[in-house]
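Both complexes below contain subunit A, partnered by subunit B and then by subunit C.
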Partner chain A sequence: MWTLAFFAAPFIAMAVVSLTSHDGGGGLTFANYQQFFANPSYTQALVNSLEVTLIVTVVSILLAYPFAWILAEQIPERWQRLALILAVLPFWTSYVVRSYSWLLVLAEKGVVNNTLVQLGLIAEPIQLANTRFTTVTGFVHFFVMLLTLTIFANLKQLSPSYRKAAADLGAGPVRTFLHVVLPLTFPGIMVGAFLTFVLAIGDYITPQILGGNNELLMPQLIMLQIGRRGDFPLASALSILLMAVVTVAYLASARWLKIERA
Partner chain B sequence: MRGTIRLATIIYAILIYGFIFLPVVTLVLFSFQATSFPIPPFTGPSLRWYETVLADSRLTSALGNSLIVAVISSALATLLGFLSAWGFARFYIPASAVLRGLITLPLTVSYLIIGMGLLVLFNAIGIPKSLLSAGIGHVVINLPLCFAILYSQMGEHQANIERAARDLGAREWQVLTLVTAPMLWPALFASFFLSMTFSWDEFVISFLLTRFETTLPVEIWNLLRSGLNPKTNAVGSLVFLVSIVFVLLFELTLFRKQRR
Partner chain C sequence: MKSLSGALRKLALSATALIGLALSPAFAEDINALVWCDHSDPNFLKPFEDATGIKVNVKEFEGTGAGLAILDQSQPGEWDVMVIDSVDVRRGVDKKLFEPLPEDKLPFGDLYKEVTLDAFTKIDGKRYGITEKFGYNTIGFNNTKVDPADMQSLQSLVGDKYKGRIAIYDYYLPVIGMAALAAGKKTAELTEADLPAIKEVLLKMKANAKLVGEVTASQTALATGEVDILVGGGEWVTAGLAKENPALDFSIPKEGGILWSQSLAMLSASQKKDAALKFIQYVLSPEGQARLATSSCYWGMPANQKAALTDEQKKVLRYDDQPDFLARAQLYPAPDEKLDKQMQDVWTEMLQAQ
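For the complex of A and B:
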């Protein structure tokens, strides 16, 4: 019951605060929500957030699936554990540090630019830091590891007899994959995608460090309201909107998420 | 044909490994940089930035704070998770599934929003920003995890042993401390170390809920304002090392459990 106290109470407090107004005028209003929808730069933050999150989710899955498949099916059994631990090792660097590392890699004179210039592929360093590209890269890096884990677990759970059955019925490896393995791991992919979506859309650190202030995402907007303006009511309203988006995403994918539980 | 596929998969795997390790390798390599910019060319190896870090009292005290918060909040989260999991597993509780869902709900909510909610709440009831409030925040995020791990480990055969202990005259608290807890110790350790790892890394909640005394991730965040700096690399590498130790402990306890 302790959780309820410390978890539910903040939400109720937040919901109430989101209805009050910043200048201390009494009464409950929806002014903060109106303010959000009336201000294009605020709604833009939500749009940015959704775009970045969707790109990240799709790219991460596309990169992670083949990788997980290689780990699960191409690598000899006894090396798999080691290969997997290695693949998710950087997962355990702290969030802040990981983002900073990407900044190093993509900085104007950083490793990537340096290498490209040395190879003569580009004449001048390109601006990589503080763009959406960097934010996406940072996110994808994290979620490729996460998704590799979930998809790997999924592939390992598949009973080999499915594959044998498909082969017995005359399907080649490609058809087996497309018609048997892929559909069977689909629920796992959806769970991973949902996890990615939820974690990415609520993250402040990665966009703040890597994206800079050129393009605001929702969590940055929330922090801005707290940090610079001390506007808790608006920040609460924004948080609640963000939660609403996550809830909608959950409901939209619940159909597939449920299959997994069954 | 088979050969090409084989080659393609190998190349792909190497590329992904490269992508995954690129930032970490860069981080660690340039923490040994001898000059003051962590960008190529590499001028080290040198330990001067590690010396700077260890001489920086803000960083070392933040490190201490981080460890204290991590140990205490994880111990508390594990204890509370254990008690609630035990309650759910052993007693009839109305609407048990719904309540269990509620306990694990915080897992799906962004840390930012949890931190935000706690900040608003603490403001309203007048708890000042401090390491204590950040610690409470860490318990909030880790409790669901501990609960989920421990609940999944409590089975029927343990209930039978508990019943036997009770028949032999053990009191409820004796059953809990002398029978249930020892049987679950691998799971307890696993939740503890996993919580440690998360608390150790956690930034947003600490950032929102502490003021002057703070934890290491927040202090590193402050360092970032000075731009790219090998000192940050050095701290980052140290933090990474500690996380790896936590993870190894976690893996080891889990591994031992599997072998039994």
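For the complex of A and C:
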């Protein structure tokens, strides 16, 4: 009932609205979808969204995995709880405040530019804020923590006997990690990666605040249709397309997870 | 002991609740207003509430489309008053949302004639919107970082001199209006045929811009020195920051600026039309106008020439320059549905341009 009321029904309503036209005339039409594929600026928004989200997901995994491994393997058990609390601290701050903080840190007169200039690494401040780099940074800051938690949980569930068995069979630490630990923690990586992908690709706030509107991502394109014109049919069509991308990502993740389980 | 402490706790909570009720002002009536952020300032609302006993419950929105969507999703009679772009009043009238306003009970004679925009606010001889505040989308700048003489021409925005030092206000209509002025066109006569020239100007502006930001982002960028020029800026950006940063300034270049104008409308389904009218009368009164003009969210020129502004506030708002500014300002673009969509697509293309 919950899923029906809060997912299926709104989804069907949105799908129907996406097949109507903004001027209210005519019956059901695919014009909004045709409009998306016919306008390079619109398709570019999807490309931008995919690029940013994939970069964020990959960078977050690369940073989160060693972090989770250190937490699970190198930190003594009694300190792990405190370390985890410290790791998730960014979750406790306002999303908007955190984004604006990054903007200030990366601004022309911000901490990063000032430090680089004082160290003599750059002669003049460079543009870090209001770029894709800033958007990715803001996202990664958040999602590294999310991925760390899922991978950490997976690593903690891993029985030490797997590694002992690998060692008994002559595998060194690197080989054990690549052929035993990494494959067994793949479900944790995929769960975190999927969550990262879904949350990042649908996020409006981070690219809007940090990206400086120097490129449009799908959520921004959707909001643009609503702000003044109130073009809900086109906004719905764009949202359905975004959901289609998320569905594909889910199917891809599910397939991987299934293979791993097998 | 446990039951005693529980009883004491209940008693303490009840007493606190009673004290809270006693301290909170009692309102005889309340109205619901869909507003822009400048109307949420307690310094603006409280004097009205204290004087009339009418509580004003506000909900902020941005963009006419979003505002009309809220009305669509609400029960009839839920909202009493709405703030709307003057050029968009007709959109509400077409949906039969607005009530004609009694001109004889409002100070129309005291308003700047140039900002009432009768073509948009008066339909079939009935007035549905009354202008409460106006200003200009033009060039906002830091006068210690740029040559103020350069800010007298829109061509400075498309040349190389200020490359990387410009922010663009993220709202397509006024900035497209400015691009039209830079291309030598009149905003009141824009057609589809003008869009290529407008796009060319927009792309040049974008190439010079560091960011395209909404109100807060663009204001912050100018105030913190991240950029020195704000395309689409004006008194709404600089006046409120004048005390902290007197170097922030704005110009109406020789090509002109874009006149923005916000109106108040009464909802036809309102069950509290008398209270709603009292609120509109307050907003248009000299005191209400001064408070709205200097709201903490953003400043703007009061539509009523008798607004009770201090000399300092008038100076910051360039009160004495208004006749000249108004003479040189051009109309906010008011495209029909088809042209509006085309303009938004040009804007989208500009945003995506690298």
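Criterion: the second predicted complex is superposed on the first by the 252 of 262 C-alpha atoms of A that agree within 3 Å, B and C clash if a C-alpha of one lies under 4 Å from a C-alpha of the other, contacts with A are read in each partner's own complex, and residues count from 1 in each chain.
The rule is short, and it goes like this: a residue touches a chain if its C-beta (ideal position, glycine included) is under 8 Å from a C-beta of that chain, and two chains touch if they have at least 3 such contacts.
Note that this is a predicted model, so its numbers are computed, not measured.
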First, second, both or neither for A:Ala45, with subunit B first and subunit C second: second
Partner chain(s) touched by A:Tyr162 [first = subunit B, second = subunit C, both, neither]: neither
Which superposed partner A:Glu215 touches (first subunit B, second subunit C, both, neither): second
Partner chain in contact with A:Ala107 - subunit B first, subunit C second, else both or neither: both
Comparison of subunit B and subunit C by subunit A residues contacted: B
Partner chain in contact with A:Ile70 - subunit B first, subunit C second, else both or neither: first
Contacts of A:Tyr204 with subunit B and subunit C, given as first, second, both or neither: first
First (subunit B), second (subunit C), both or neither touched by A:Ile226: both
Partner chain(s) touched by A:Trp79 [first = subunit B, second = subunit C, both, neither]: neither
Subunit B/subunit C common contact set on subunit A: 107, 109, 209, 226, 232
Complex interface listing, subunit A residues touching subunit C: 22-23, 39, 41-42, 44-45, 48, 107-109, 127, 129-130, 208-209, 212-216, 221, 224-232
Interface residues, subunit B side, partner subunit A - complex: 6, 9, 12-13, 16-17, 19-24, 26-27, 30, 37-40, 80, 84, 102-103, 105-106, 108-114, 116-121, 123-124, 136, 139-140, 143-144, 197, 200-201, 203-204, 208, 217, 220-221, 224, 228, 232-233, 235-236, 239-240, 243-244, 246-247, 251
Touching residues (chain side subunit C, partner subunit A) in the complex: 62-66, 68-69, 164, 170-173, 210-214, 217, 224-226, 337, 340-341, 344-345, 347-349, 351-352, 354
Subunit A residues touching subunit B - in the complex, by the definition given at the top: 2-4, 6-11, 13-14, 17, 63, 66-67, 70-71, 74, 85-87, 89-90, 92-98, 100-105, 107, 109-111, 114, 141, 144-145, 198-199, 201-205, 209, 219, 222-223, 226, 232, 235-236, 239, 242-243, 246, 250
